[in-house]
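Next up: the structures, one after another.
In what comes next, subunit A is part of two complexes: it sits with subunit B in the first one and with subunit C in the second one.
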Partner chain A sequence: MIHTEIAIVGGGPAGLCAAIKAAESGAKVIVLDRNSQLGGQLIKQTHMFFGSQKQYASHRGIDIANILISKLEDYKDKITVMLDATVIGLYEDRVLTVDQGGKYIKIKPDTLIIATGASEKFQAFPNNDLPGIYGAGAVQTLMNVYGVAPGESVFMVGAGNIGLIVSYQLMQAGIKVKGVICRGPKFGGYAVHASKLRRLGVPVMPSHKVVYAHGKDKLERITLIKLDENKKEIPGTEFDIEVDVLCIATGLTPLAELLWQMGCEMKYISELSGHVPLRDKNLMTSLDGIYVAGDVAGIEEASSAMVEGSLAGLCAAKAAGHIHPDFEALVADCHKQLYDLRSGPEGEAIRKGLSKAELKEVGL
Partner chain B sequence: MRIEQHPIITFNKGRKVQFTFDGKVYEGYEGEPIAAALHDAGIRVLGHTHKLGRPRGFYCAIGNCSSCLMVVNGKPNVRVCVEKLKEGMAVETQIGRGDIK
Partner chain C sequence: MLERTGVPTKENIESVTPLKERLSKGPVAIIECFQEIPCNPCYTSCKKGAIKELIDINDRPILDPEKCNGCGVCISNCPGLAIFVVDESYSETEALVKIPYEFVPLPKEGSFVTGLDREGKPVCRAKVEKVLNTKAQDRTPVVSLIVPKEFSMTVRFLSLNDHYSDNTIVCRCEEITLGEIREYIRRGYQSLEEIKRISRAGMGPCQGRTCSQLIMQELAAATGKRLSEIKMSAFRPPAVPIKLGQLLGGDDHE
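Coming up: the complex of A and B.
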């Protein structure tokens, strides 16, 4: 059994920032990631990020990952990174079980930060299991990390930022995108991304959905239908498109299995895209010393994931007995950054969702 | 199919290695997921389900969904979207649940 002051599950933007702040506070940290490199979702993002300077806006996702990883190196004596290490169990006595390349390892941390990110949602239609129907993350991983084209022509389901950005990235890689659809009458992503696509001749079509996928062994063709303003099918408007890849980008949902397993209090909150742990303002769950940060606590963005990571890192370190010399000021700054990121009309749903996820202070 | 030219990314590929898929020899890059090498070779169907025999390809590519299970070096239920390619690997289509030999 390995003992450590803080264990962090997930080495995406949230986990990396948590590790940096916890080590800066003086705590001994182990970061675990099942991937063979750190960075989480960032390693597939070749586009410039939105947000403010503090969260590295106008940097490409891959570059932000590298900045964070090089910061981690400054704390080599404090931070141990375990890669290809999947946390498979998390028990009530706070023992973490890890599978690292077939080896079974047990870790007992004083405090724990869960930053496992999210998994992709799926769509229901006949033959949705045909090979050639892939999640947007899979398509991105294949083309941006390994340099393999997902297919000859792609059709995109989902016109939020992910759908629009991945479509553009496909075009950049020289792969034809035959169209992008979403159910609602308006696409959800930023207008800049949609206009970039339209300039390249890719139709962005709101009010459509896939009703059928065709193919013997693998996807050959899809049938689409038009929807009215209430997202009801308009009979007789079906049409077919020939494609070998259908990319599903209809959103993410928190990857919260470990929190369930441990017995954290969970709640379904649609604004946060699934079941999320209740947490206090410093991101501690209903279990003492167990913190969350990033998409696992509610689907948002890398910018907020990084700030949440820093906040959880500072607070978990404090709980483990290491108080950062600037603790008060840094925590206040994290709260302010989060407040700013979630302000305005775009942040409305998140604000509403978060207000439902608040853990009421229990009298101590 | 490999992406040969990209405006932003340069791909760091490992060394070229040979492996077999259902007995036939293919090439891929060492260290990439088996699924990437197979996909490059145009192979989309990785297995068939145990009840209805429906074809299975990968879906999430991050080891989450178990859609990509194959038999690798005789061992069934290997998630080939995360299992790294090595010289001389024997990769086989998995039919159903797979048998442990």
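Coming up: the complex of A and C.
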């Protein structure tokens, strides 16, 4: 059994920032990631991020991953990175079991940060298992990590930021996007992302959904239907579009099974897109010394995931007996950044969701 | 409306359009950001202090057109690619529109492209004045387009598709494109003779056998005249190119 002061599950934006701040505080850290490289979803993001300078606004996700990874290297003596390492179990005695290339490893940390991110929500319609129907994450991986075109013409289901951004990236890759739909009468992503697509001549079509996928061995055609203002189908409005790729970007949901395994208090909060752990303002769950950060705590942007990671890193280090020399100021700054990022009209749902996820009785 | 279509409304655009006097004075940023989102790189990148401080990061950027010198640094810094620079002082009839363009291949400087509006519809021909793609743009190159002045607040993207056949060669000898001929006509060159002298079209080895008719058609289309009303250019010997030496030797009878 390996002993460490802090184990961080997930090496995405939240996990990396947590590792940096924990190591900066003086703690010994192990970062575990199931992928063969660090960065999580950042490595697929070729677009510039929003936010402020503190969250690397104007930088592309892939560049932010490299910045964070190089910061990790500054703490080589403190941080151990385990790649291709999937955490398969988390037990009540706080032992993590890990599968790394067929090897079964046990880790016992003093404190733990869960930053496992999210998984994609899928859609149920006939023939949704035809080759050519992908989640947006898979399309980004193929295109932006491996340089492989998913097909020739794409239809995008979902007009949140992911649907809009991936559509733009497909167009950049020279793949025709025939349209973007969403169920509601207004698209959910930022208006500037939709405007970028419209300038390219890509139709953005709210109040539509996919009802059928057609094809023999692979996707050839989809049937769409128009919806009314209450998202009800309008009979007789079906029409077909020929495409060889259908990309599903209908949202993410927290990837929280490890928290369930441990027995953290969980709650379904629709504004945070699924079951999330209750947590205090410093991101400690109902279990002492178990912290969360990033999408696993509720679906948000990478900018807030990074700040949450820093906050959880500082606090988990403190719980492990390493108080950062600027602890008070840094924690206050994290709270301020999170407040700013969530304070606008677009952050309203997040604020509402977070107020339901607060764990008041447990303090730092 | 914007949140249903993704296309800024007329009111949206009017709210960020500087006064005519300011537009005619020279380059100025047009910030087409109409939603309160947590984002501030435009403000932090502006060296002129022309964008009002975003006290709340969710505030929409407000530009002071008098402080803005149209340098365009904000264009490549805006994660939403929502900032453009318009320069209506470019010429009497043309304006310059600077747009962020993250696609390959990049258009070539001097080539003709199609100016697209906010819905991606072709609205006018545009000439690529400059393509700025240095480290400062960090992979968001800025393309400067020359467009007819009336389209300065309409053109927001470009297509390399030669919608107006502007890159079609009309004078093969001198490699003059239809777009260049049209540009001369717009600038006021109204006869075949003038166009020949300014562009060299018709001065090559074939002496205008390919291009003269085509240029006359363009002149007719642009001026509304009939072909019979377009004056031919002067024809002078030699009708085909000859070597200088041939002249030097003189005629056998001389």
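Simple rule for what comes next: the second predicted complex is superposed on the first by the 361 of 364 C-alpha atoms of A that agree within 3 Å, B and C clash if a C-alpha of one lies under 4 Å from a C-alpha of the other, contacts with A are read in each partner's own complex, and residues count from 1 in each chain.
Keep in mind that, in the parts below, contacts are C-beta pairs under 8 Å (C-beta built on N, C-alpha and C of every residue); 3 or more make two chains touch, one makes a residue touch a chain.
Quick caveat, the model's predicted, so the values are computed rather than measured.
**Q** Which holds for A:A305: it touches subunit B only (first), subunit C only (second), both, or neither?
**A** neither
**Q** Quick one: classify A:G132 as touching subunit B (first), subunit C (second), both or neither.
**A** Only subunit B; A:G132 stays clear of subunit C.
**Q** Now for A:A65: first (subunit B), second (subunit C), both, or neither, which partner does it touch?
**A** Once the two structures are laid over each other on A, A:A65 reaches no partner at all.
**Q** With both complexes overlaid on chain A, does A:P150 touch subunit B (first), subunit C (second), both or neither?
**A** A:P150 contacts subunit B only, not subunit C.
**Q** Look at A:P185 in the shared chain and tell me whether it touches subunit B only, subunit C only, both, or neither; answer first, second, both or neither.
**A** second
**Q** Once the structures are superposed on A, label A:Q172 by its partner contacts, choosing first (subunit B), second (subunit C), both or neither.
**A** Both partners.
**Q** Looking at the overlay, what does A:A85 touch: subunit B (first), subunit C (second), both, or neither?
**A** A:A85 sits against neither subunit B nor subunit C.
**Q** Counting only touches as set out at the top, which of subunit B and subunit C does A:P345 meet: first, second, both, neither?
**A** Only subunit C; A:P345 stays clear of subunit B.
**Q** On subunit A, which stretch or stretches are contacted by subunit B in one complex as well as by subunit C in the other?
**A** Touching subunit B in the first complex and subunit C in the second, residues 60, 172 of subunit A appear in both lists.
**Q** Please name which positions on subunit B make contact with subunit A in the complex.
**A** 1-3, 5-9, 11, 13, 32-33, 35-36, 39-40, 44-46, 54-65, 67, 81-82, 84
**Q** Within the complex, which stretch of subunit A touches subunit B?
**A** Listed in rising order, the residues of subunit A that touch subunit B are 34-36, 46, 60, 62, 86, 119-120, 129-135, 137-139, 141-144, 146-150, 152, 172-175, 217-218, 255.
**Q** Residue numbers of subunit A touching subunit C in their complex, please.
**A** Interface residues on the subunit A side: 47-53, 57-58, 60, 171-172, 185-187, 190-202, 204, 206, 303, 340-347.
**Q** With touch defined as at the start, can you tell me which subunit C residues reach subunit A in the complex?
**A** Subunit C reaches subunit A through residues 2-8, 32-41, 44-45, 56-58, 77-82, 102-103, 116-121, 139-140, 156-157.
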